[in-house]
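There are two complexes below, and they share chain A, which is joined by chain B in the first and by chain C in the second.
Right, the complex of A and B next:
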């Protein structure tokens, strides 16, 4: 990339966290977040996302590892001196204080009073579009409004870093889409370095500059949404990210070539070399539906299967093809073939993903 | 309330009428009679003589104020001791929490007598506390707890601490998730988190616990009787003395009525505080 890289703002090195259970919640996490960047921590439930966020904010202590924010080691700094704004999944507004008092709290702690405080509160209220609600109690606000108060409360202290823990998960589907755009716009306007936790891959891919995919206490891949989608580092990332996510099909060697679930698969020269290099071990072929099409006849880079069913999805069809016990959906604009008919699916070599079935690691093409 | 509900409630209403209201009514009426001169029978007619005696005799005023301030002291000390304990119980998980709560309840269900007799051994001149104080060289002579005001206050705190703990544990367990963490990340050190977030949110529990401990201390009899060893007169011991030793039932009744009035006042102040709290603007 030609653009100049911003310097690292938050650096996390080999952070491990054990709550005392048999397995640590975080095994070894290393991450860097650049200044002004929007990073999404993406992973399934229970993979340690909230734990990592709490460790960054100082609310939990890492068992091992170091962190630095703006070049300064964080380990010896208590939470209340870290200048890190956080929006909790539950919002955690102070229920006994008005919206104004909630937002003013952080300013009070910094000794900011009077006109300056009033002005800054008015500023953030405008930023989150909540003017006129400053006298309300939190329980008199809708979920979306509460979420924006929580955001305003975190922003008003002008933190060095903003942490968002599943900020959209308590909102309904429609609101979620619009708040997604709002948060992204806000980020572009004020350029605050932001780490957002989510288990929704669509949310992560559409909002973040870079995404860190987590599973089981590890970061599996940390890159731009495009790279993660096009070049997933492992089988897990490929199946977790993208709509539709990738489907994994085991490729076996047959007497007359290669097959998937007992049906014929004709790889290209490069692919067959890569498969053969695995010394007879089966390889997982990762395919995304939206990149598949039908071919008129069998040939290199085709898989032959049988039509199982088809569904009309408005303007086009999705044809479900059976490859032995496996199923794969192929989009087509033409009239779909009949049930039981043999069809040839064309795959694109440049977009083909191969993974080791044991480790899930990516198999490089020669 | 509809008719059906009233019918269903009727037996309970009649029972509480007989068991609670009638004795109170009788107490109230009796307090306006006087003992016949040189007789165990009550004289004819009604008068406010008992109340006049309570107000005019400085001995009774002394007992009144002593009981009040000892109860207040027991309340404040209970609160100070109970807050950290309740916090610890509230944040502990699963089985530990159940066990700790059960331990709190033991003194409540065992009655006042047994624990107070235990305190007698702890606080006596040759008791555990004095021998510890001597072992550590903090004192050479035994400290006198029994028959002193501090001794009785210690006993009251011991007896009524659960009444403070239970509402506090309840309130602290219901603190909304993450509000303390939010305050901390906004720049509040621990003591400010307590003052501005935790305490205001558990205020209803503090009020409830304080009213309970205050009222229980005010009316207690066993603790001041045993630990005070007859030297510390309170409302409870005074009413007992008048009724069982002096055999002046009308006067004992007047003492009891005053005690009840203060109790009602305490409850009223508590619920007023709760109401004000609920509608406080900021």
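Right, the complex of A and C next:
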């Protein structure tokens, strides 16, 4: 793919931010965003993603580290000279200005007036499908319309970079899905390098070319959504990403093999070697329930458990299996086994994830 | 319900009393100002505009009024500028000890002004500025400051700093941010605090009478002096009524345009 070869547009090197507390909000973050790429900064609240966005925009100063945009160092450039468009979570439309004046603001600041300004405003209003509303005041618009005004206002200045701060979180559930598609389509049409902050993994995975998963001020993994889903770099990433997210089960060594929560687990040869290499330390097995199925009998790559409950989810069943104190859901199209029945869950070696329970780090298969 | 009925009628009587006490003197003032008599009496017996004519012609009152106006405008200007700046940094930067600073700025509201003014007089005489216009203006700026600080604190607390940040990302330099975003959004607050500052300064007798020298006699001080020496001069009633009418109109406009009653 040609896009993958695109040059780096935004380069963030070892950016650190300390607000003065004992723990920095950002601890040495390095990222690169390629030209035309859509990057999602994904993480739970307090992971530092919004801080990073503000640092990129120049609204916060990094305590340490460097940034460059289009090959130019950003650190000494004040916000108003950065040419970075941002759409805030609350939209931050100027309440004392009409839609037209809100969008015109950035053009005014660049000395763009008259016909050119009018034409650019008309273009961008068409792009976000807001024609005919330019005379309204922001408080006379719906949330979705306000967001599109904010987007138009950021796009009309033809920024070098577009930042989106939780762009969907103030919209209702129905609108959210359609706006998700709209923003992605817009991105494909204009090809503007975009960084979006979100705490919603579904949003990040569906909209972005690459995702940077953040927690506690670190970037844990920065890769394509597929790689992050299939090969999570740590236990945190595995449990944060994917719907359903991965479930972590501690594997212990038993006198006659391996077990999970007191039930029998039969790993493959490769898996057992990897587990044995941990020198008796327990290992976390990461499983995604949509990749599980039932096996007729115990054998390699099966876990034996007991049916706890089951629910019909339309067309198929979700069977909740108890493995000692742990629960795991297994989908099945066949009529589910009865309560208390012993069942064997088949896992796929290629999709099996192993993590160190202390560090959360991925345990490589030999 | 009986208790309910009692509560309602008690509240009605209470409200009525409040209005009577508040408005009756003003009504007396306005009626008396149109009286034809050459002394203050109530109720009036014959009506004329003679005291209004006399007020317009009186040089003494005209000069006192212009001193009051000058002092009020200058003091209001200082109070609004510095009050707004103090409020902005209190709200936006939340400095350590900010609450103490705010409390100190509010003290003129609770201070016995006469004691404060006497002390200030001593300081002014040491500085050699007793009886000067700057002395009077500064003293008024201090007593009007609490109002502009209070109004501007609530104004800036309502102003989302993200709007300023959004303006900056769109290419507005700090100067442009202030001119195009901060000031327009703070304007209702600024107008309200200017109006209150001017009124507070205009109403002051205590501080003005102690600080003002012979050259800078404000209208309330002139009125008070007149009252002490010759009793009530009907001219003051005419001027007083005119001022009340003016303030009433200003208050109505302020209420409709800037919701003054909700800013204090």
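One rule holds for everything that comes next: the second predicted complex is superposed on the first by the 362 of 366 C-alpha atoms of A that agree within 3 Å, B and C clash if a C-alpha of one lies under 4 Å from a C-alpha of the other, contacts with A are read in each partner's own complex, and residues count from 1 in each chain.
By our rule, a residue touches a chain if its C-beta (ideal position, glycine included) is under 8 Å from a C-beta of that chain, and two chains touch if they have at least 3 such contacts.
Keep in mind that this is a model prediction, so the values were computed, not measured.
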Query raised in the report: On chain A, do chain B and chain C fit together or clash when superposed?
Result: clash
Requested in this report: Go through the superposed model and pick first if A:84 touches only chain B, second if only chain C, both, or neither.
Outcome: both
Requested in this report: Have a look at where A:98 lands relative to chain B and chain C in the superposition and call it first, second, both or neither.
Outcome: first
Report task. Mind sorting out which residues of chain A both chain B and chain C touch, each in its own complex? Result -> 57-59, 78-86, 88, 90, 92-96, 105-106, 109-110, 153-154, 157
Report task. Using the touch definition up top, name the residues of chain C that touch chain A in the complex. Result -> 160, 162-163, 165-174, 176, 180-181, 184-185
Query raised in the report: For the complex, which residues does chain A have touching chain C?
Result: 57-59, 78-86, 88, 90, 92-96, 105-106, 109-110, 153-154, 157
Report summary line: Counting only contacts in the complex, chain A reaches chain B at residues 54, 57-59, 78-86, 88, 90, 92-98, 101, 105-106, 109-110, 153-154, 157
**Report entry** For the chain B and chain A complex, residues of the former touching the latter
**Finding:** 176-179, 181-189, 192, 196-197, 200-201, 280-282
